[in-house]
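Chains: A, B, C and D, in written order; residue numbering restarts at 1 for each.
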Amino acid sequence: MWGSLGEREERSAAEYRSRERRQAPMSEVSVAPSAAEPLLRVRGLAKHFPVRTGFRGQSLVRAVDGLDFDVRPGETLGLVGESGCGKTTTGRMLVRLLEPTAGTIEFEGRDITHAGRRQLRPLRQDLQIIFQDPYASLNPRHTVGRIIAMPLQVNGIEPPGGVKARVQELLEIVGLNPEHYNRYPHEFSGGQRQRIGIARALALRPKLIVADEPVSALDVSIQAQVVNLLRQLQRDLELAFVFIAHDLAVVRHFCQRVAVMYLGKIVEIGDRVDIYERPQHPYTRALLSAIPDVTKLGPGGRIRLTGDVPTPLDPPSGCRFRTRCWKAQEICATEEPALVSRGGGQAIACHFPESGPVAGESGGTAGVTVEEVSK
Amino acid sequence: MTRFLVKRLFSAVLTLFAVSVLTFLMFFALPRDPVTGMCPKNCNPERLERVRDELGLNDPLITQYAGYMKGIVTGRDLGSAQGGHCDAPCLGWSYVTNEAVSDTIARVLPVTLSIVIPAAVLWLLLGVGLGMVSALRRGTWLDRLAIGFSLTGASLQLYFVGAVLLLVFVYNLRLLPVPSYTSILDNPVKWASGLVLAWVSLAFLFSAIYARLSRAQMLETLSEDFVRTARAKGLAKPKVYGRHALRAAITPVVTIAGLDVGGALGGTVITETTFGIQGLGRTAVDAVRAGDLPTIMATVLIAAVFVVLANVLVDLLYAAIDPRVRLR
Amino acid sequence: MRPRVVAAAGGAIALVVALGACSKNTGEGTTVDTGRTQTGVIATDPKDSQGPAAEVAGASKGGTFTIIRETPISHLDPQRTYSFAGLMASPLFARYLTTWKDDGKGGLVLVGDLAETPGSDVNKDCKVWEFKIKDGVKFEDGSPITSKEIAYGIARSFDPDLTGGPTYIQEWLADTPQFDTKWDFKKNKGSLPPGLTTPDEKTLRFEFSKPRCDLPFAVSLPTTAPLPPAKDTGVNLDNKPFSSGPYKIADNQVGVKLTLDRNPNWDAKTDPVRHQYPDQFVWTFGPTPDAASNRVIADNGPDQSALAFNTVPASLVAKVAGDAALKSRTILSPTPSANQLVINNQRVKDLKIRQALNYAIDREGLIKAMGGPTVAAPLTTLMPPSTIGYKAYDAYPAGASGNLDKVKELLGGQTPELVLGVSDGATEQIQGTQLKANLERAGFKITLRNIPDDAKLDEIKKKDNPWDLYIGNWAADWPSGASILPVLYDGRTIKPEGNSNQSYFNDPAINAEMDRILAMSPAEQGPEWAKLDERIMKEYAPVVPLFVDVAYNVHGSKAGGVFISSVFGYPAFVNAYVKQ
Amino acid sequence: MSLSPVEGVALAEIESGGPEVPERKDVVGRSPGRLAWIRLRRDRTAMVSGGMLLFFMLLALAAPLIEMLYGIGPKEQFQSLLDGFGMPLGYSGGVSGDHWFGLEPGLGRDIFIRLIYGLRTSLFIAFAAAVITATLGVVLGTLAGYLGGWLDAVINWITDLTLAMPFLVIALALTPTLVLRFYGEREAVSPAFGVAVLIGVFAIFGWTSTARLVRGQVIALREREFVEAARASGAGLGHMVFRQLLPNIWAPILVSFSLAVPQFITSEAALSFIGVGLSDETPSFGRMIYRSLDYLQTDPAYVFFPGITIFALVFAFNLFGDALRDALDPKSSR
């Protein structure tokens, strides 16, 4: 199997190189299947944080360093990667909690990259965020009712039937007892709190929700409930999601498309099936191989990445993954691989992409169960 | 670090500049004429006017201010009524005590230092010690005693404590000499015995605050994960408490202590008044009462220098104790 | 647990506070005799001016005499000395042309100090005065004192840099209050002011264009202290004056401590009043009057030979007066410092109101509020009893606490509204509170207006000051009516600011009478001033006499020889000694 | 282990979706404030000290009523009950059925009623100053902490400047300067003016610690997710500050307020010690204590009554402040 993968990889690499020559510049690359007009269009998005180092001097942490992706209406895009790869920063830039250093963000065709508060106001209703920590994300001094009504209040929206009715409706939608309107967050469990956070995000009937690791802080048994709730909401309300997670299994369960990030760059993006079953970037493969129950890999078994993630203060030249990549060649150090579309909506940034499925047998629908995990 | 220092020092100089300007303006807003105090009984307006001219009090404010500042930097000629030439840093000539203000400061500053520094050592040792002990022995009679002590101290006032101590130890029991200042270089024993009451009363009141603060801080630190971890790892108690907990608990104490000491060095008026010792604080108050501008300026500026320096030092110390703090 | 702590702490405080006393105060033994009659003369016999001064009974040599005072002496430079502390300290290191021989009981004789006699009125018209300088008088460096150095001292008092001192001699010589422009000291160094000459080393001669009969008194002020021109350090002399007296400055920590050592070049044989008993005099500054008195009462170590220069504060009077053992360690004397409720005659023009104020006053209550008879003694005259020729009278007998019937009668049903300006210092605040209550009981409407303590004197010296009443105080520079009534009640002296005539009283008849008395010889003036005093009060009531300050000082068990100066009302040190 | 068990199980459970917390009958939740109140109610010390404070405040408020019942005003003098030196006759500074706490030496005013009025003045000054400093501190601290940047730098600098400013010089200089500005030369300066100036002096210098405290708290909160949630919803500054930030820091503000009040009470007393403050016409703790201290030996009762009252008042405030801190922040239990 590995052999065949290798062949395909050879070919694709050649193809990729030839394409690169034809299709510069980067931003012209179509990384999303050209279907409907995308809801969200991100090009060259970057965020650099200045930090002071040592006794003098200033350097930049390139937390996010040039991202391109689109999200179509009703689509769920998973953003995965190790901690510190820039996922969360990306998520916050999308809802404009952080000011991007470079690049553009377009929402429904409007450039919102540097829009002020006033200009953003109408957009706020369409663009919401769910936070990771269900404890920190709810104001402990407010009742659940106030928390959920906050976006309405802030935007001066008086829903038909009144705020209270709307809040209770939202509580019901997220599976909470509407009678708990007057309770305080500390009276709820983590899962319930996350539901409150979701209800708050839904209050304005958004079109796109950025979910920043929405379940990673929850108990394992609760994670499923929340993810299923999100999935149901997504279907019922035709929501688009940018779903940020480091947990590949959750992403696989929830997302239609997946982008893999490494050190502030997208290394691979594509449909769920493609990513999970035919990962082409070595890093994606390594990540997938780390899932314990997807160990039905061929020869080689689990890929262990050696070395630490390099510091974003001084990322490696060329391909950022090369320092930990078992396939790294000279070119990887000198030339940065571009994110190149490989048909079917999949795009990879690698000089030597892998090919072939990771675990053919386990493909298809969801396969991980609690029993399997606990092994 | 260098950058931090430069920035901090720049802001400090700016602060001092603002303080000096404000004090100058404040003085001239005062409905008080420093000159009238200089010739009592049968002074006539013409003569007053000439004295004002001589002292430069009729010059525009800016000229006077510039003159004063120039004196500090380069020295200046003050005229024969004010002791002639005055070398840099020239703080001017006191209208009231008839001496160069720098001489006044040289005399009263050691007094205030002698009151504050030993008192601060005492109150820090006592306060932090008490706080630690009562935190470690929480709930015991020792803890209760310490809490009682600190609450009482925090609720009493210096002039009250001072008056009672004076009455008991000096006037009635005659255990101590009357409070006074002797240079430590001349006679260390006299120096200590003359100031000990001031130290004790200052320390009593201040240590109360520090005991409360460090106890609370210590309790909080003790309940933190890293201390529990250290204990769980099997580190000996004294080592954990001494090295880990104390260090974490003392950080806020250092901040407050720095500011307190900085403030106190600018003058402990109440202490000085209660015990009849002429330090920086009383000198400042006397100068304001008498409308003695050069002395007001000098005492105010020195007090401000102490406060500002203390601020910078606290920031540095803070970083030294707590490596998490980054100096920006 | 914590409530118990409260109780315990409260208990502890209660205990400490109750340390003092719990006995019943029946009010017995709280009367004090402060009567003292003043006799004053100018010595006619040159022997009176010769040294040495009579030995003080029980005095012995040696030891350190300490004087504790709250605020420092404002000037040590004799030409700038005018404060009471300065005037009392100065004789220790400065000698003058004349000085007072004072028995501490009211007996005063003006004698020659550096001069052989208290001056001779050459033409008997008070215009030309001559002083002969004694032989054997020396500075601290052993150089002789001649008329030149005395003249130089007077000349430098013209220097506008050297503010603070009395200005009688300067104004008389220049015949104008603008003496420092009439004769510029700095431009004329080496020469002498107009009218002042030194015909020879032994003679000093004053020539005035008007009669100045009070000159012998005026030259008893430190203005006439000698100084060699070479030793003149200008303003710096203030911190280390050059001594001609029995002591010299050994060390001066300005504002903290002044140490005086014996001056070996002082010759007792030349000095009619000073002694040189203690090895050292030490003035220490800083302790509040309360602290100073407490220290001295405690009588501990060096404080045994100490004196609290500030009088015993009202808060401690009961303790000091009630302690028989302390009686021998206190000195009690009325002073020449007279206090009035000054009526601004420019504003309160109705004589009846001024008289009603005089009838209304509750002197007993006021004195009680201030701390009783050891703090103040009632006064009904313009001049204090310590004035030469004084005669007691009460023009408006108000009884101890006011005669309300008389007030009602004089006011005739109206309620005068008056503004009383008081300083915001502690003492005047109490006096103001007391006076307001007192006068309102009597039917006035009083508004209290606070004036910043340091500014009050300057403010009420302004002619157009806005207040109707204020508390005024005058302590004469010599105990003659000439230094009181013309200064305070001669309306021709009123100027825009800096007035001593704070009642702004001006009556041509009175002014003329003052001119008449001033032309008389000093010895004859006394009874005339007393008569004028009574006349002014009876006919015009320009002020309400309130009280004279009483000096009540406590000293250590080993301090001796201190008495209250009959001239200034503060402790004098010329006889002071330390008991061995 | 950290991997998600989402699939499978989840689907089964989602329908039940019920809350993990057992159902409660009451649907109105207990706010954190209410919980703190409950804890406070259970604290005996808090209740005792709080009761004392309430008592003091009632006394202060009811001063005119008490004067009516007691029958003696704060300015009335009883000099006939003093001896020649002005000391009160009888036992313990003139304590009697008519004069419960005795008489002042000298002026002979009734100590009890003056204490009541003094309590009124001092508590008013302290509360007003504490309210103003807290407000100033909160506003400046929030602005500095939340907006950051140059505003933070400027406010920090002003804080440093305020700390370096000569408190005493300004306190000494302010009253006479302002009196001249606001009053005619023959007008009595109303006691309220002196009170206002004192409050002003405290306000100028007292806000820094609250500002620093609030700034620190706000900086800590600024990055919290619920604040970001509000920002992501487009909340403006007003909403952020008043709805999101302040409700979360009122606990430390309240504690610092409760500890600031006794500080101002003692500061008023300390200021009159060096001659700054109210005129004799306005009864205040500061002036009473300052005057009485001199009588420690001759009339201890005069020191005792004001002394013990101010001690008890400040002590009660400190106790209550501590208890309040414990109640609001159970972590830092004593």
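Details
In the analysis below, a residue touches a chain if its C-beta (ideal position, glycine included) is under 8 Å from a C-beta of that chain, and two chains touch if they have at least 3 such contacts.
Computed from a prediction, not measured in an experiment: that's the story for all the values here.
Note on connectivity: the fewest steps through touching chains from subunit A to subunit C is 2.
More contacting C-beta pairs link the chains of B-C than the other of the two pairs B-D and B-C.
Subunit B has its Cα centroid 57 Å from the Cα centroid of subunit A. A separation of 25 Å divides the Cα centre of subunit B from that of subunit D. For this pair, subunit B with subunit C, the centres built from the Cα atoms lie 38 Å apart.
Subunit A and subunit D have CA centres that are 51 Å apart. The residues of subunit C that reach two or more other chains are 1-2, 9, 17, 19, 294, 452-453, 455, listed in rising order. Across the assembly, subunit A contributes no residue that touches 2 or more other chains. Within subunit B, residues 31-32, 147, 151-152, 155, 164, 167, 273, 289 each touch two or more of the remaining chains.
Residues of subunit C touching subunit D in their complex: 1-3, 6, 9-10, 13-14, 17-27, 30-32, 290, 294, 313-319, 321, 365, 368-374, 419, 424-426, 429-430, 432-434, 437, 447-450, 452-453, 455, 465-467. In the complex of the two chains, the subunit A residues touching subunit D come out as 92, 95-97, 117, 120-121, 124, 127-129, 131-133, 136-144, 147, 150-151, 153-155, 175-177, 179-184, 186-189, 191-192, 197, 200, 204, 215, 220-225, 227-229, 232, 247, 249-250, 253-254, 291-292, 366-370, 373-374.
The touching residues of subunit B, counted against subunit D in their complex, run 11-12, 14-16, 18-19, 22-23, 26-27, 29-32, 147, 151-152, 154-160, 163-164, 167, 212, 216, 219-220, 223, 259, 263, 266-267, 269-270, 273, 281, 284-285, 288-289, 296, 299-300, 303-304, 307-308, 311.
Every residue of subunit D that touches subunit A in the complex is listed here, in rising order: 1-11, 13-14, 17-21, 23, 27-33, 224-236, 239, 243-244, 247-248. Residue ranges of subunit C in contact with subunit B, taken from their complex: 1-2, 5, 8-9, 16-17, 19, 71-72, 74-75, 77, 82-83, 160-161, 163-164, 166-167, 171, 177-178, 180-181, 186, 234-236, 238-239, 253-256, 284-288, 291-292, 294-295, 297-298, 300-301, 303, 452-455, 457-458, 495-498, 500.
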